[in-house]
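The letters A, B, C, D and E name the chains in turn, as written, and every chain counts its residues from 1.
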Amino acid sequence: MMKALRQEAAKLLQEKRAALIIGFAEREGHPALFISKPEDCERLFYDVSCRQNLAAYLSKPEVSARRPVAIVASLAALRSLVVLTAESQAAPGQVLALAVDKDAFLGTFDVAGAAELLRSKYPDLGPEKALLERVGELSKKSVVERAAFWAEEFAKCTRCYACRAACPGCYCARCIVEKNAPQWVSTAALGHGNYSWNIMRAFHQSGRCTLCGACEAACPQGLPLMVLNAALDREALEEFGARPGYDPEGKPVIGSWSAEDDHSYMR
Amino acid sequence: MTMSEKRESPLAKAVRETSGVVLAECYQCGKCTAGCPMARYMDLTPNQIMRLAQAGDDAALERLLSCEALWYCVGCLTCAQRCPRQLDPAAVMDVLREMAHRRRKIPAAARKILAFHKAFLATVEWGGRMAEIPLVLRYKMNSGDFLSDVFLGPVMLAKRKLPLLPHRIRGRAEIRRIFATCRKGTRP
Amino acid sequence: MKTLGYYPGCSLSGGGIELDLSVRAIAKVAGVELREIEDWNCCGASAAHSLDHSLAVALPFRVLALAESQGLSEVLAPCAACFSRLKGTQVRLTRSPELGQRMQELVERPYNGTVRILNINEFVASLLAEGLAGKFTRKLGLKVVAYYGCLLSRGEDIVTSDDAEDPQGMAAAIRVAGCEVLPWNSSNECCGGGFSMSKTGSVLDLSQAILDEARAVGADLVVTGCPMCHSNLDMRQLELLKRRRVPGALPILYLSELLGLAAGLEPGALGLGRHFIESRQLVRGGA
Amino acid sequence: MKTEKADVPTPTTFEPRITAFVCNWCTYAGADLAGTSRLQYAPNLRIIKLPCTGRIDPLFVLKAFENGADAVLVSGCHPGDCHYTSGNYHARRRWTLFRKLLALTGIGDDRLFFSWVSAAEGQKFADLVNDVTAKVRKAGPFQAAHPGRKA
Amino acid sequence: MARIGVFICHCGENIGRTVDCPAVSAAAVRMPGVVHSVDYKYMCSDPGQQMIKKAIVEMKLTGVVVAACSPRMHERTFRAAAAEAGLNPFLLEMANLREHCSWVHADKAAATQKAIDLVRVMVAKARRDRALRPIRVPVEPTALVVGGGIAGIQAALDIAAGGKKVVLVERGPSIGGHMARLSETFPTLDCSQCILTPRMVEAASHPNITLMTYSEVESVEGFVGNFTVTVRHKARYVDPAKCTGCGDCFNKCPLKNIPNEFDAGLGMRRAIYVPFPQAVPNKPVIDAAHCTMLQKGKCGLCAKICPRGAIDYKDQDSLVKVKVGAVVLATGFQLWDHAAYGEYGGGRLADVIDGFAFERLASASGPTGGLIKRPSDGKEPKTIVFLQCCGSRDDKAGKKYCSKICCMYTAKHAMLYRHKVHDGRAVVFYMDVRAAGKGYEEFVRRALSDDGAEYVRGRVSRITRKQDGTLVVRGADTLAGRPVTIEADLVVLADAVVPRPGSEKLAQIFGVGYDQDGFYSEAHPKLRPVETAAAGVFLAGACQAPKDIPESVAQASASAAKVLGLFANPELEREPIIARVNRATCAHCRACISACPYGAAKDFDVLDRAGKVLRTVVDVNEGLCQGCGTCAAVCRSHSVDLDGFTGEQIHAELNALL
């Protein structure tokens, strides 16, 4: 598998279909590896312990300046690529994906191809069972217990924003937390600010999150961020049929509507 | 609950609860009367029955329960089929007929019809199925209508249309219990 | 072999026995087994409906419950009145689960609403779909008016397979039987229904109008699917003839009889000999 | 600011503070109608007027809680009635997801209310305020229920 | 530094009774930014306004909060006063102490506390108000009128008479609409064509009116004052510039038996035709679906005989763009198809016809030359049954509403028939006679008492045809309480009035609302019956609801007045509540573009000096933006903000409730 990946990456560079390959390094933590020479492709590595979502680099100016670019992409990263395309953050034709799934190399895809692959072979990607169980357990608790649970979790947050840096959906030129006048989200790593930050981070990903898990993996404090992401993912699916990352021309869930949307909770 | 239900007469309430028809919805177009095959024999036309039921006062109820027309509904479903308000005048007549029957206010001209219905149900209650010979005999006893159709019986027998021995079903005790329960329910 | 539940109803063992005979006969020709509901009871007809709304639902409810418990998912009710009562009850039960609950308590039988009721026209259509036409041997060449009456044309959610104002459910079968279907206005008019004995005058008026139009459009016979209609048009025609209110006899056949004749069956076996108005001459030439 | 509040007596029992975000065309006008009809309702609600429910960012709701509101009400035009044709539909979607998120993190439907109140529904508005106030009174102060929040 | 003045109104006793206004004033003056606070009995009175104006000037106020009634009541008043004193009107805010406080609370302490809060919120907002200028957009002083019936013609003529240009678009080959098909009009029985055709000619020859017949609106861009409308000019295959309307072509065309729509199918036309002799323009079109030359390439007779060489079989649809500032929709109605009534023959009985067919039979220029002849065999009917409410007031098979015009035209039909066939019998089945109009009730009475129409109150259950062609009508006489059966030679159904097909699509093109029946929705049922929810788009005639001729004409003139009012100024002024994009922080995720109900948010390329695209962001079109702020709420980075309701203001308002 690794061999096929390396060969394909080298070919892309040789044929000038890509000027830059972003992949994973083998060393501890599997940091991102930026390759522009075919011979360096031997350093590419992939296995399931590579938790970064490399699509996050696509909107970085340093990377977009070196297009065309190819990334090593897990299924979630493929979905992120599709989401980014729908949100005009990845120019179609300028981005390729070296698709990988667990221990298989699936081939090279442009965005359209990636979307087609997902629709045909992986039509209902969603939270893993263990994650859904975590959501379920929390949902079973009372509101008071849930408040206490998150008060304890959010108290650990140091506001390092590693979650944001890891997330391909967090590409805003100026994050809302950095906006002052008015400062909606307090930057102090304290109660209200921590709550607002973590809630809004999750909310801003609703209908867009591809459940790659990079945010939770990146969190030095071990906050259970994926529980929020997964719960919103299920809600958006149930209520609006939303499956982010399958349609490069799809409309955003927040930013579109249907007359049939539920409002049973409104009076 | 709509406003019209809130202030409906006891009759309108009974009609709505039994038949589902909200009397206030009738706008008296007369299409029921226009299409009713029996309207020409009726002393009150279907739309007049609807109108009096809408009025719902004692005098109206009295006229309704003593009219012949209630008994002349043949159950052809034409009125409900064509009603532009999607109402069912025949179902309203069913409710009124049951009331009239309960109060034993049967106009003379309708007695034969009632006698037939009763005779029919009596045979069903007895054996679980309708049986034509007992039905005819019973009907003639009850109605006093001895002379009509006397020539038909022998012809039917000759044509092997009538079984001489009525069939009684195994579950006739069950049928009788159903009859008894219903009787309790409808005759307080 | 396809199996179908069968609810003959009371008429079909008495005055309407020809319908029973002919339905069974064409089912046999088509290779469909009719399994009679065991220990069925009367549907209550218009009598129960007229006097007691609970009874009017309870009696058909027992029939439906029996059919379900005997594993019959589709039941043919050839009598139009029985069909209307059984299917009408089914419709009311679907609309009101509360009524179903009440009836289960009253009748003391469970019913889950799984039984589908077929009328004679739907039954015939299914036989045609099964290839009944291939078994037809006799060219009839008759001019027919199709008479549906009330209960094979009307009833919201009851007659779902036809147009209430322009019913066509028999036409295809009559044509396949080698007959011409004449257009007329009375196909869904009322014949006077159950008032044959108790309000005979109205039945005579209404039936006469139907027979008059049938004759005016040049029909050789009237085809019907309802024993009540048949009785009013056939038996009561005797009186109309006697009073010279109609100029001559017009045969009245059940749809199943017409198809039986087309299939080459003997008129007697189909019950044609039991009608009040002689009809066996219709096939004398072609047999 | 403290001095000005001293002008009126401080209530001794818990008086809920409710912040309402309402649209200009329907609910604000509905509240006007409640006024012209002299319908009496609880004095615990403070309205922030916006052109449309479509304008309401979830951050506004979080800020209201942060600033001491015990509950938040969002109210706008009925579906199909939006002055801007579809702002309320956009809002509806947003709230479906946002309330789920808040419920999961400890702010339930005894603190976060949504409704459609048209310009003609003065009575509904008055009933709504009374009902919300009663519910929040029962739920108690927000700060007490979320002690970890103090910044 | 902000210098806010607070003005607290007692509204007589209305506020003062439950709110301690002096206490509110005392609290207000201690609020940040407030330099002046005063309470007064009637702030909206002249002295009250003077007080505000004086303070603005003398205290050098930078913002004003008037704590009084609802802004819906007096915001305009106070903003105008502020403007007179030289303060930008958008720097004035109102705190609603009356509708939202004093009128709904009895406890004075609680009400006073709430009033202070409300004032504090508005002070916080006013401190962050920015001077806004009303948006001015130039107005293109040309109107588009869609539909060339009497409503469209009237609107066009009135606008043209006001000195403005009009483009009148009509789908069919001629203007005139349904009115041109009518025989005589109620309640005066004057000849419809005689009064209409001069108007048609006037419309065609008016220097301010451009007629575009055989054309349809394809799409619209822009906004009030500046619409760009694309019109599809359907291929006529006849060059109107060359054609003299001599008629040689349509007298010679070999295809003679195409049912003429204008005559409700009772008369025939050719494949090349003018729909009726008085058509405007009186120049033929070729019906491509029937023409053998266009279908099979055979014939070509009309081209051979045309002395002017006007026939062009290669003609094609063309798209024309017109720039207009306002639109009048006058697309009219048609009759509901009674085929849905199986009991009335389901549309299969030739002698069961609709009202328009009867109009054509009764019209002197109609297919029978004004003689009443029934379609099946051309015989003169001796009994006609008229059925009112056919498809109207019927929840089951038809429409719930009353079609309004049928009572009157049925009475007219009965009358015309009795005038033409003296021994004929006219029976009208009706449910109610709705004759509310000038001279209408008298007209109906005349039909009964002078002209012998027989009115029977009841609906009809069934219409059947006997072998000899007689129609049997089974109805009810509910007043006599009996069923009635009438044998008739002809039945005329007063079918329900319904919108024209395609009207819903047109509404979507223009952003106009419509009800469940497809009728266009007016902006307000009482007070804005001519406007629509789309600014600059007005309604005329039966496209809004069933209407008779005088009502259609009246509404057409009203819409013309609205258009002329709009065109009276070269520029349009709008409230400047619009969204703005911070291009520096916009990440171009395009969520706002998806969310904007008006298509006002659009891609915008940021260019360098050489014209090269540096980045693409979003920009908001000021003309299209209506200020709902949905874009601002979907923007995750708050790069979109809404003037008048900025994030900063809302933040401050919330802080004021701290």
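In this text, a contact is a pair of C-beta atoms (placed from the backbone, for glycine too) under 8 Å apart; a residue touches a chain by one contact, two chains touch by 3 or more.
Predicted model only: the values in this text are computed from it and were never measured.
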Legend entry - Between chain B and chain D, the fewest steps along chains that touch one another: 2
Legend entry - Intersection of the contact lists for chain A and chain D: E
Inset, instruction - Going by C-alpha centroids, which chain is farthest from chain D? Tell me that one. - result: C
Legend entry - Most centrally placed chain - per-chain CA mean versus overall CA mean: E
Inset, instruction - Would you identify the chain whose Cα-based centre sits farthest away from the centre of chain B? - result: A
Legend entry - Which of C-E and B-C has more C-beta contact pairs: B-C
Legend entry - Centroid distance [mean C-alpha coordinates] between chain C and chain A, Å: 67
Inset, instruction - Quick one: report the Å distance separating chain A from chain B, using the average Cα coordinate of each chain. - result: 71
Inset, instruction - With chain centres taken as the means of their Cα atoms, state the distance from chain A to chain E in Å. - result: 48
Legend entry - Distance between chain centroids, defined by C-alpha means - chain B, chain E (Å): 53
Inset, instruction - Name the residues of chain C that each touch 2 or more other chains. - result: 164-165
Inset, instruction - Would you give the residues of chain B that are in contact with at least 2 other chains, written as numbers and ranges? - result: 78
Inset, instruction - Among the residues of chain E, pick out those that touch two or more other chains and give their numbers. - result: 343, 595, 634, 638, 647, 651
Inset, instruction - Mind listing each pair of touching chains for me? - result: A-D, A-E, B-C, B-E, C-E, D-E
Inset, instruction - Name, in rising order, each residue of chain A that touches chain D in their complex. - result: 135, 138-139, 143-144, 146-152, 154-155, 176, 184-186, 188, 190-193, 195-196, 199-200, 202-203, 206-207, 227-228, 231-232, 235-236, 239-240, 253-259, 261-263, 265-267
Inset, instruction - Using the touch rule from the top, collect the residues of chain E that touch chain D in their complex. - result: 23, 26-27, 30-31, 70, 72, 96, 98-101, 103-107, 109-114, 116-118, 121, 511, 533, 577, 595, 597-598, 626-630, 632-634, 638, 642, 644-645, 647, 650-651, 653-655, 657-658
Legend entry - Interfacial residue positions of chain A with respect to chain E in the complex: 87-89, 171-176, 179, 181-182, 184, 204, 251-252, 254-256
Legend entry - Residues of chain D touching chain E in the complex: 1, 3-4, 7-9, 17, 19, 29, 31-32, 34-36, 38-41, 43, 46-48, 50-52, 54-57, 60, 63-64, 67-69, 82-87, 90-91, 94, 126
Legend entry - Sites on chain E touched by chain B in the complex: 343, 389, 393-398, 431, 457-462, 474-478, 481-484
